[in-house]
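Following this line, the structures themselves.
In the two complexes that follow, chain A is the common piece, with chain B as its partner first and chain C second.
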Partner chain A sequence: MSTSDEDSRGALRSILPPEAVDRFLDTCNDHGWLLLGLGTVAAVSLPVLGLEAGYFMTVITEMFLFAILALSWDIVGGQTGYPSFGNMAFFGIGAYTTAILTKDFAFAFPVAFVLAGVAAVAIAAVIGAVVLRLRGHYFAIATLGVLLAAQQVSRILDITGGASGKILLQTPSGETFYFLFLAVLVVEMGVVYYLSSTRFGFVLNAIRDDEEKATAMGFNTTYYKTAAWMLAALFTGFAGGAYSLFNTFIDPQTAYNGAWNVELIAMALLGGSGTVAGPVIGAFGLHTIIEIVESYAVGWQLVLLGGAVIVTVIGFPNGVVGTLREYASEMDYYKHGGMAATNDDAEVSSDE
Partner chain B sequence: MSKATAGTETAVESDRAVLRTDGVTKRFGGLTAVSDVNVEIHRGEIVGLIGPNGAGKSTLFNCITGTLTPDEGQVYLQGEDVTDWPEHKIARAGLGRMFQETRVFGDMTVRKNLLLAAQEGGADVGNLLRRPDDSLLARTDELLDYVDLAGLADTRAGRMSFGQQKLLEFAMELMSEPEILLMDEPAGGINPSMLENLIDYIRNANEDEETTIFLIEHNMDFVMEIADRIYVLAHGERIAEGTPEEIQNDQTVLDAYLGRE
Partner chain C sequence: MAATQFVVNGLLVGALFAAVAVGFALIWGVVDIINLAHGEMVMLGGYTSYWVLSLVTGNAEGSPVLFLATIPVAIAVLFVVGYALQRTLVSRVIGTDIFLTLLVTFGASIAIQQLAIQAWSANPRSIQVRFADPSMTLGGIVVPKMKLIAFVGAIVLTALLYVFLQKTRTGRAIRAVSQNPEAAALVGIDVEHTRAVTFGVSSAIAGGVGSFIAVILNIQPQMGLIYTLKSFVIVVFGGVGSIPGALIGGLLLGSIEELVAGFISSQWTLAVTFSLLIVLLVVKPKGLFGQGVEQ
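Entry: the complex of A and B
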């Protein structure tokens, strides 16, 4: 490590002491419900204070949508350590469920919306029982296969409108969707935050860290993985269910959007996977950047996305929240009686 | 002796056997890793399992814990045939396991590792969806104090040294209060002073918590000091059984370690 590097790190430490960051993160963690409440109030007050349906409301609604998708991905990908490339399958299933039910069967939107979540969960239970037996790369590939197969099925069937899709004209107002996506996001954040302090949440993290050990400790990991997968499918299905009407159009390409699947993973990683705030921060941040790029340099957003993923994975594998947390706790071990480690922890620290 | 008394005696005898294997055999292709092995571990014992490298010790452990299913033979846990049970169910039934390469959940805090280990309430959904209660938290503090990791409760387990992780893994087993604890080389890779502590911890767990212990060990001084009885495996077969003194003077055992058939 060069001296200038040392200096700059020292400077950073004096401006932003790790202890302060640590205190800040602890406070956030302890007052999660308060922060979630404040965030909700802020989001609700925007339309009340005069944000009208239009470009900005649509952009913010999409931010909520992506936050739901990223956070759902993270329940399985981040918390449980099973990186899925097929989450958009549940989005598509939800989207087609509301589209078909409201258009062809004259269901009221709220009923169709609930059924979209139910359909996604039911299919997730079946698919999960098969693909969750696989680990690592094999799991990732299998889930990608699920996504592609689901997309192909919707191209073939008549009821989905085939490749040309479905146009949906009778849709609720833009403001309705703003509040609907917000509500789903808030509920999901609440659920994930709550679970992260229960033993159910601990088991998911344990599966991520060492599944064999978790099994040896008496946990039927298949059961927990499937539960997490179904929970993720529920919220992804809700998001899809609302999206088809929000977008007034659905076809196999938009419903099972592979690029979005990469985008939502990038958001979770960028923000900090395995946390509650991380995927949401990542979704808000990355979607804002993508919107800006889309406005000023049409077509470059995917290039930017690819670049962002590479930079994140190399530079900040823990994402924004994870990097902060790491920074805050760097001296933790030594402060709390870890001095014995100075002799023999070389092996341990090298694989961190 | 009448038949009735003989019957009762067998019942008592099998009650005392927390763990019993009956002719366990495991083959990998043409290799017989474990061949027709019988062991019987009684309540309150510390039993050692030794043998040269490749003798089949870890394979036998894997057959007992359900990680592998034996090709032949039965495994009984507290009198119940658990041979075909899945691994997690055997663990729930009271079998704890410490791995050879110390395994803790590295990205979770030390306290969460311990909370997870508690078997209280088991896999009951309602229980899992509640936050850990105060008595559980108090128990984690107590155990961390006991193994001298009290200050590190909120540190990520992966940050700790190897020895500390080993202590944490041991504390996790204490937390789960197993009927029988299988330890694969507990003394491997830790320094002599910590080894002294570990011996005390194992003895205390055995005496105070009434945990029965079955351990694989290569460190002869350690195993001879701590074990009540020892089984010796070589080439997958059980070649000797007895007290540490008997084993130390057993010619077949010496031959096996020196490579003589």
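Entry: the complex of A and C
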């Protein structure tokens, strides 16, 4: 087993040398803004070049949506080390905010959209102050409890339309949503990429790696955690706010969808959590697979999702980007003969 | 008087919650895993009883004795499911990040639940048990006979687990692994097997309770997560690995839910349960435990 493994690795090395991967990753890292700009231009040019509103535009719009959600989850789950099972609570709050404001109070959509983000952040501040004191099992279960409590409340209240939900007929065109979700995604990627090289981003990673040490170094970790949590809620709330009108229908089950919450965690992990590109790549990849399965075998996509989560976690916990990075640093590792050369924190901590 | 009636109802249902939570607490204590697929074991147990009864009688109806005879089947099936779940999936992530173990069991929970929807549709089902006189009155309090049987059944299952853990060789091995896996391995205990047995036993009890739930409430493929979360609330009340604690926690939760349903509205029971969960976690994250569990 190990010999054939060695052989295949050797073959892989000659085709795809780790140094090349390393150089590629470095280039991506150095020219993040350029890549983000190129991606944006490519995405904007699709409708200009003739992608019409319809099935494919909807699918791509959904990919942007999931990329926003996965990246938001990753701000807290991957960068800060607080894996939440309740991110979709902010999605639901955003979704219901626009649904209620546009339908019952005749607000214009842009105003309602902004207020959806504000509402999500405000509620996140309150919830975050409570749940971010917990760690590990307790944090995960508490956030799941928040999600289910929110779902249950929206099922009871009258203004949310109860269990039967709200139908929204006056909605902007499909193209509007394409650009709206794209814009939110680009802004979010920009923010996360910018933060990754600031003091704020480093403190978040320090909290993930060892919160007690970060506290001992004099950082007010509660402040940083809550800020990251609110930032994630802002983008999740925007996504939800646009989603309810995009979907023309909202009910407790879709707004506070526990399965989606797992889906976006799977996306972040599959792509590589703790990175900027990882969750986005994961979202595009997994959503494509799920979409294909959905069109050939309706109803099986969630079975697949459960399977995908299990396979990812057991076989591939570092994701695409993490695995590439590990592979790239492999040569360095031997050349310098130790862990001094590894820039991958996961490896360092496992060797400690 | 109304309050007494609600509390009695709550105690009757609470014993079922407690028996589910006992297994959940056992897995948590021994394997150090929050099994988010635990509720699915309740669901599968209910369906096993339902289908066995349908197979025997043609529809899901029967006398109490016939129904009780299906419970050992549910217990046996779920023991195998639990054992296999640990051996095939969970054992691969033990010792890694807590978050990954949660995610694997959550993934298993979604997969099982969705497969159940594909196989049996999402419609709620229930088992009808025929009684000549379905309820009796004790001192002005109405007690449905089936709920009483379910109550006794849940208590018996919990007591059997207690005896199993205290008196048998396997039970002692389970407790040894829970205290110190390395030392247990040193004295010749097969740790992997013992953990899988723990999963099997916990799932088996959940399955047995599922059969009772199929009679007194109803079953549907997506019911599991609620039972998992209720178990979590109960364990936080009662303490990890403490069977009497879980029993008290379960009875308490059942009573609270029935009081809320009776005096406010049954719509609010779940919202209250989840809020209680969050409040408990914040106010007493470790305080009610026998010993604090790190992180």
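Note that in this section the second predicted complex is superposed on the first by the 331 of 352 C-alpha atoms of A that agree within 3 Å, B and C clash if a C-alpha of one lies under 4 Å from a C-alpha of the other, contacts with A are read in each partner's own complex, and residues count from 1 in each chain.
Quick note on the criterion: a residue touches a chain if its C-beta (ideal position, glycine included) is under 8 Å from a C-beta of that chain, and two chains touch if they have at least 3 such contacts.
From a predicted model like this one, the values you see are computed outputs, not experimental measurements.
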*Can A:T221 be said to touch chain B (first), chain C (second), both, or neither?*
first
*After superposition on the shared chain, which partner residues are touched by A:L132: those of chain B (first), chain C (second), both, or neither?*
neither
*May I ask you to decide whether A:F85 touches chain B, chain C, both, or neither, giving the answer as first, second, both or neither?*
second
*asked:* Contacts for A:A149 in the overlay, against chain B (first) and chain C (second): which applies, first, second, both or neither?
replied: second
*Classify the contacts of A:S329 with the two partner chains as first (chain B alone), second (chain C alone), both, or neither.*
first
*Could you tell me if A:V320 is touching chain B, chain C, both of them or neither one (first, second, both, neither)?*
neither
*Look at A:V203 in the shared chain and tell me whether it touches chain B only, chain C only, both, or neither; answer first, second, both or neither.*
first
*Where does A:G274 make contact in the superposed view: on chain B (first), on chain C (second), on both, or on neither?*
first
*Could you pull out which residues of chain A sit against chain B in one structure and against chain C in the other?*
none
*Over in the complex, which chain C residues touch chain A? Could you list them?*
34, 89, 92-93, 96-100, 102-104, 106-115, 117-118, 225-226, 229, 232, 267-268, 270-271, 274-275, 277-278, 281-282, 285, 295
*Sites on chain A touched by chain B in the complex*: 195, 197-200, 202-203, 205-206, 208-210, 212-221, 223, 274, 329, 332-333, 335-338, 340-341, 343-345, 347-349, 352
*Complex contact set, residues of chain A against chain C*: 77, 83, 85, 130-131, 133-138, 140-142, 144-146, 148-149, 152-153, 155-156, 258-259, 262, 265-266, 269, 299-300, 302-303, 305-310, 313-314, 317
*Touching chain A in the complex: which residues of chain B?*
65, 67, 86-89, 91-92, 97, 99, 103-108, 112, 115-119, 122-123, 125, 127-132, 148-152, 154-156, 158-165, 172, 176, 191
